[in-house]
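Chain IDs A, B, C, D and E follow the sequence of writing; residue 1 opens each chain.
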Amino acid sequence: MSVDQTSAAIADKAAEKSAGETLEPQGARGDEPSAAAPAPRHFEEVLLAVDNVSLGFGGVKALTDVSFDIRKGEIRAIIGPNGAGKTSMLNCINGFYHPTEGRITFRGETRRKMRPYEAAAGGIARTFQNVALFKGMSTLDNIMAGRSLKMKANLFWQILRFGPAMREEVAHRRVVEDIIDFLQIQAIRKTPVGKLPYGLQKRVELGRALAMEPDLLLLDEPMAGMNLEEKEDMSRFILDVNNHFGTTIALIEHDMGVVMDLSDRVVVLEYGRKIADGTPDEVKRDQKVIDAYLGVPH
Amino acid sequence: MSATTETAPEQITTDPEKKDLILSVNNIEVIYDHVILVLKGVSLNVPRRGIVAILGANGAGKTTTLKAVSNLLHAERGEVTKGSIEFEGERIERLSPNDLVRRGCIQVLEGRHCFGHLTIEENLLTGAFTRKDGSAAIKADMEKVYNYFPRLRERRSAMAGYTSGGEQQMCAIGRALMSKPKMILLDEPSMGLAPQIVEEIFEIVQDLNAKEGVSFLLAEQNTNMALRYATYGYILETGRVVMDGEAKMLRENEDVKEFYLGISDSGARSFRNVKTYKRRKRWLA
Amino acid sequence: MIYREAGQFKSSYAADMAVFPLKQDRIGILVIILLAYSMAFFGSTFMLQAVLIPFLIFALAAIGLNMLVGYTGLLSLGTGAFMGVGAYACYKLMTIFPEVNVVIWILVSGFFSAGIGILFGLPSLRIKGFYLAVATLAAQFFLQWTFNRVPWLVNYNVSGAIEAPRRTLFDVQIVGAAATPQARYIVVLTLVILLTWIASNIVHGRIGRQWMAIRDMDIAAELMGIRPFKAKLMAFAVSSYYCGVAGAMMVFLWYGGAEYNVFNIDQSFEILFMVIIGGLGSLIGSFFGAALIFMLPIAMGALLPAIFEPLGIRVGSETIEHLRFMILGAMIIFFLIVEPHGLARLWQIVKQKLRVWPFPY
Amino acid sequence: AVTAAQAQDGIYVPLLTYRTGAFAGSGIPIADGMHDYLTMLNERDGGIGGVPLIIEECETGYDTTRGVECYESVRGNNPVVVNPYSTGITLQLIPRAAVDEIPVLSMAYGLSAAADGTTFPWVFNPPVTYWDGASAFVKHAADVEGGFENLAGKTIGLLHLDAPYGREPIPVLEALAEEHGFEVKLYPVPAQDMQNQSSVWLNIRRDRPDWIYLQGWGAMNPTAVREAVRTNFPVDRLVGVWWAGGDEDARAGGAEAAGYKSLNFHGVGSDYPFMDDIITYVHERGLSEFPRERIGDNLYNRGIYNSMLVAEAIRTAQEITGKDVIDGTDMRLGLEAMNITQERIAEMGMEDFMAPLGISCEDHSGHNQVYVAQWGGDAWTQGTDWMSPMTEFVRPLIEDAAQSYAAADAGWPERTEECP
Amino acid sequence: MNLLHQIFIEPFAFMGEAPDLLLQVLWEGFVSGILYALIALGFVLIFKASGVFNFAQGIMVVFAALTLVGFHAMGVPAILALALAIGVMFLLAVTVERVVLRPLVNQPDIILFMATFGITYFLIGFGELIFGGEPKQMITSELMLPEGRTSFDMAGGFVTIQHIDIAAAVIAVIMIATLGVFFSKTRIGRGLRAVADSHKAALSVGISLNQIWVIVWFAAGIVALVTGIMWGARSDVSFALQIIALKALPVLILGGFTSIPGAIVGGLIIGFGEKLAEFYWGPIVGGGIESWFAYVIALLFLVFRPQGLFGEKIIERI
């Protein structure tokens, strides 16, 4: 099924919804099976496989024997209670933590100890739970920094800021401007990001990750601390990235509405163990997930 | 640069009896770095035993408002240049943050800010720094916090810097509770918390409010939750109060529904088919 | 609204990425450079020799350190020693190959200190913050000890000091006691302008962005494919290069000779003051900082007696010295309080105010 | 500050001094001594030859950089001489002296080789050089040991500040060691460890040198004396250069330091006629900052001696040139013709304070006489008679060193006019 | 080969040959270690409680000692002079808090670090202005501190021990133990650590930075006074002492900026290491290696433990 068909299907479903519903607490939209469940998309090619990964810090076991895969082109959500090990999982995937046991295979290559910049060079980009922007730099520079990997001009030309260095700089600037347009952050191009409100910082962070033109994009709570409007914007961006660039996305998020609406498949962690894995609908109905995470359905 | 808005008269009518206000902020203006004007005449009131929510988009100035109250602006090179702030009828702009905590007004900072090198338990104990009522009482309160957040009990001897985002958030809230406050300024309490915990936190807020009479001023993005538990709400946009009213009334408001609750004419929207064009908010017309 | 950018549209990214996108700035810089050159003809000998030449040299060293501390966030207290490496390297090169022009050797000597800088920068891969700062003191003390204990470095001069031999550029003597301050000033000014231009290119390009990324959030930078190893060592190399060149210039174009003690820890601290008071991560700030820290004591030495004498208070030179210390200390604190981001930020705020003038914000 | 106009009607004598910093302890009495003697001449005689002296201090903090700055700032006011008061600063000024035509007077410090007036026409280091000092020390050691032949097989340690100043005596000691068959051991003390000498003294304990020559400065000296006492080193075999002979230096060792020796080339105490003038004209008029009770301290007297040299050179220059207000070139002539005879000494009220002194055009030091002073427990006494250093031995070394100094710097300006 | 012999055989052989010297070297190492530790302790106190790397600790040592000696020289009895000196240190703490720290709250570490340079310069100028630049003798006997020394004969040589050094060791140990307990066990101690972690968060929970800072700077002032007395008794009280403070820096990185036991262990390692190295191995390269050897030891340790031996772990989390 093509992307267009998918969204058309969603639109239909949405239209079916009866008007005048009373207020429901958060998660309400996710609770209703009919509300947002898109016709499932299917993906075959495994982009990243996590096999029996465990991670410990001294006495603390952050991850225990977790296995799942992420397929090319999908939006994969990772959810779970606080401290379940979601962020740690992402950290393992892009080489910031090294699993004490188990293997991670990315594009068919298994690496035991990978340095973070190797992961980046391999095409994994991410955003962070606590915004990790380069605070002293402008939005433009932040996103430009995301293109470091792609810039090749040698020191000599850079010193002169001339010839190949300047051409390269302009070419990448063009790409960055496209990203800026896409994220609608033109107005803050030259503002130091430290001064931006939280929501915009998150957006710039996304832009920085996009600038790396990754194959796999890891998003750690991209919508925390945003209001609805901003969440909607962010959802739009995520979907667009997924649709237009075909970027595979792994997403951690606590807003169930977002997770259920956006993701193709969901893996649920609790206390470092995987307790469920499946489509949003399956997961949502899983009693273990309800007990551990969602709370009793309203 | 007129700072007052048409909503100002309403505020006075909501609570004419100043005595019953635990906090009243009158027409304050805040400037960062001597040049950046962020709050342009914000007024708000918190009744004693009230739960008041400040809503608003990112960068509207919610955090700034809370910091203006708790006097934490100095540390960020910001200052209140106009207006007044009264806590229990007393002007507090000149007080230091620790005087305020002693008087019973404490802030939970946005974005956690635990003491990374202290353990969770030590973090909680620092919350009781200003208390003089003996270690037994403090111990009892700590038990209470642990009962509110069992996860913290499990991680009590972990260094806070290593705990997960949500654990840190719980720690920050628990730490504030340890000071036995009369009033808590909560900045984005739900951020990064699992839905279940969010629910629990608001239950705790309600619980404290009902049982111990703690007043709350909370800045929250999760409008849904906030309006469910708060009694009164203010909506802030680019440094101005653009709307305020009883929570119930706000919930009914079309714009609030549309922009903050995600309910449009066709009911709850899905994140999959959000519209990309920007709709105009009526109150900005 | 004297200083306004409205109406200056940039039609290409290249124009927007220029170091001075504003026309006012470009004209201003040109005027300043012209003025600076004209000082060679109007400035008194004292002005050139005791004020302008050292100011420029210190500004260059401050730029070097700023690239390390301000742009890359690596605190180093070994600047003095790296300057020393440049000076001693230059001395050796000059005396071994006297036929090659000294200006070339001054520029080449920086590579030696870059090499040493990389060596002592290695720990920075693991060590951070003040730990690193103190670790760089190892470089400071070790190198100073080497300058002192390896007689080969001073061509076995018994006194252990180096003396600048006579050297010329275009038949004008520029090194040695008989070189006129005017000649030396022009050489120093040209080199400093050239190197500042290069520094500005570096920090505005990819390397500079990588440095700043490392500074602001090293973990995130690494996760984005910036190799901290390369970026940090590059910062040490470039920074030490600048310091080395400044050191060589200091000895051969200013003092005319030096002993190992010139490159002591106080020198390191002084450059650090310049960087911080001037503004971390700002090239123009390095100039402001150098001006303030270097000229303040000179100005006070002249001012204080002028203040006290009319009051009929007899102050000895040591009292002036003590007051000078006190005032310098107080000034450092004062400037930090007024603007922790340095004079460069103050300058920006002034520009900002000019932009919106006559409105307050 | 001094204006150019003022400098027109007087003789401008800048004093580069240090009353602050790590070496202030030694610097202050010297600065006061220099200042007070010149002030006394102004007050008592209205200057020299009727021309008032314009005295200005510039604070160097014993720091070379600051010293050079001072030089730059005084240079424009037509100084007749500069007293750098630091070997480091002197080394920096030596090449400039010839260009700026301002004589450098480095009294018993600086570059020993500068005593060669042919190569260094603008630099003066009377009355003795460091090389003379070291040779005098060896001579004294030989005397005590009962002759040079008894030095053979002995070990002599040089405990020195690890700086150009401290290293000056090394070549001459090594040359003497070769000549007389003793061994030289070096004990460098880095400036930052001046007050923390325990490891050096452990080394001394290990090597058990028979004699130690102390070329230290500032806080290094008292610490050395104290450590010597602590390590049971016989203090009468610890001999300081004249800069290690401060009263405070010796006093630090307590009672057990009695017997400590130091070279000197002028008297200590205040029992001299000229000193009465200083008290009358300077101290009693409130023009001095030096405490009355410390008048006569060794380093105070050192400062006076320095100023005496300046004054005598000015006087000689005035006599030779017939001018009242002289400049640097004249001053150099005065310095080169300086000859302070016993008569002149008596005239100045300096009998017993100093030995006769002469400088010549070729010999800018004079290699004059010194004596060994000994600490009596609370004052210095004259331990030996005045004696000459080993001039015959030192002089050729100096000439060689001067040659190689000039050779290392191609184009070193030769003396322009022949010595008379 | 010869070099290897010089490095690996001769020093050890010599240790065996002259045990008296070895013992003396070790004692000297111990004493310097203790004294370094005292200076380092002042640094640690302030760093731990405010995250400020206080460069002024060295000058505070001199200033405290000068005040004591200075008051005594004015004719004030020793004990009273001591009390007055403590008072001056308190005033200093209050002033620093008022004038420097309070306006700079929540600024980056490096800015506060620079500010302490400002304090250093100010105190140098101020101290010299008031007390003059000459070295002064410590009033050891008036303070009833032990003087003199004891020598033991052994193995054909002797070992001397200064009584004041013993006193220094005892006092240092007592002080370090007290402060250690204070930091880890008391409410204020916890507050201090919280402040070090984050000014902003500490403010928000009602910890009074001002009060905390006065307390630690005062404590550091007292440590400085004790250090000044001990160093002063060994050498003189002069501004040159300030340079010794630099010696405490490797001790700090070795022990960890935040650890009180680290200061003492680091101090001892550096003290012993430096003296042994200088004495037994220094001569191979011409001596004087003491000036940098401590840094090299510290650097080696750091490469393996970037936070020093006992320092708080550097938290790296994303």
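Heads up, the rule we're going with is that contacts are C-beta pairs under 8 Å (C-beta built on N, C-alpha and C of every residue); 3 or more make two chains touch, one makes a residue touch a chain.
Given the structure is predicted, the values throughout are model-derived calculations rather than measurements.
Undergrad: Smallest number of touch links from chain A to reach chain D?
TA: Step count on the best path from chain A to chain D: 2.
Undergrad: Let me check something: if the centre of a chain is the mean of its CA atoms, which chain is farthest from chain C?
TA: B
Undergrad: Please state whether B-C or C-D has more C-beta contact pairs across its interface.
TA: Ranking B-C and C-D by C-beta contacts puts C-D first.
Undergrad: If you average the Cα atoms of chain A and of chain E to get two centres, how far apart are those centres in Å?
TA: Comparing mean C-alpha positions, chain E is 50 Å from chain A.
Undergrad: Can you work out the whole-Å distance between the CA centroids of chain D and chain E?
TA: Here chain D and chain E have centroids separated by 36 Å.
Undergrad: With chain centres defined as C-alpha means, what is the inter-centre distance between chain C and chain E in Å?
TA: The answer is 32 Å.
Undergrad: CA centre of chain A versus CA centre of chain C: separation in Å?
TA: The computed centroid separation for chain A versus chain C comes out at 44 Å.
Undergrad: For chain C, give me the residues that contact two or more of the other chains.
TA: 145, 148, 219-220, 223, 318, 321-322, 325
Undergrad: So which bits of chain B are touching at least two other chains?
TA: Those would be 36, 162.
Undergrad: If I count partner chains per residue in chain E, which residues reach a count of at least 2?
TA: As it turns out, chain E has residues touching two or more other chains at 124, 128, 133, 246, 286, 288, 291, 318.
Undergrad: In the complex formed with chain A, which residues of chain C make contact?
TA: Contacts found on chain C: 12-14, 16-17, 198, 201-202, 204-207, 209-210, 212-213, 215-217, 219-228, 281.
Undergrad: Inside the complex, what are the residues of chain E that reach chain D?
TA: Touching chain D from chain E are residues 14, 18, 21, 24-25, 28, 31-32, 124, 128, 132-135, 137, 149, 151, 157-158, 160, 162, 231, 234-236, 238-244, 246-247, 274-275, 278-279, 282-283, 286-288, 290-291.
Undergrad: Which of the residues in chain A come into contact with chain B in the complex?
TA: Interface residues on the chain A side: 7, 10-11, 13-15, 17-21, 23-29, 35-36, 38, 57, 60, 80-84, 87, 129-130, 195-200, 221, 224-233, 235-236, 239, 254-258, 261-262, 293-295.
Undergrad: Which bits of chain D are touching chain E when the two form their complex?
TA: So the residues of chain D touching chain E come out as 19-25, 27-28, 162, 186-196, 198-200, 202-203, 205-206, 218-219, 222-223, 226, 230-232, 248, 252.
Undergrad: Help me check something: in the complex, which residues belonging to chain B touch chain E?
TA: 70, 72, 74-76, 96-98, 100-102, 106-109, 113-118, 122-123, 125-127, 129-130, 159, 161-162, 175-176, 179
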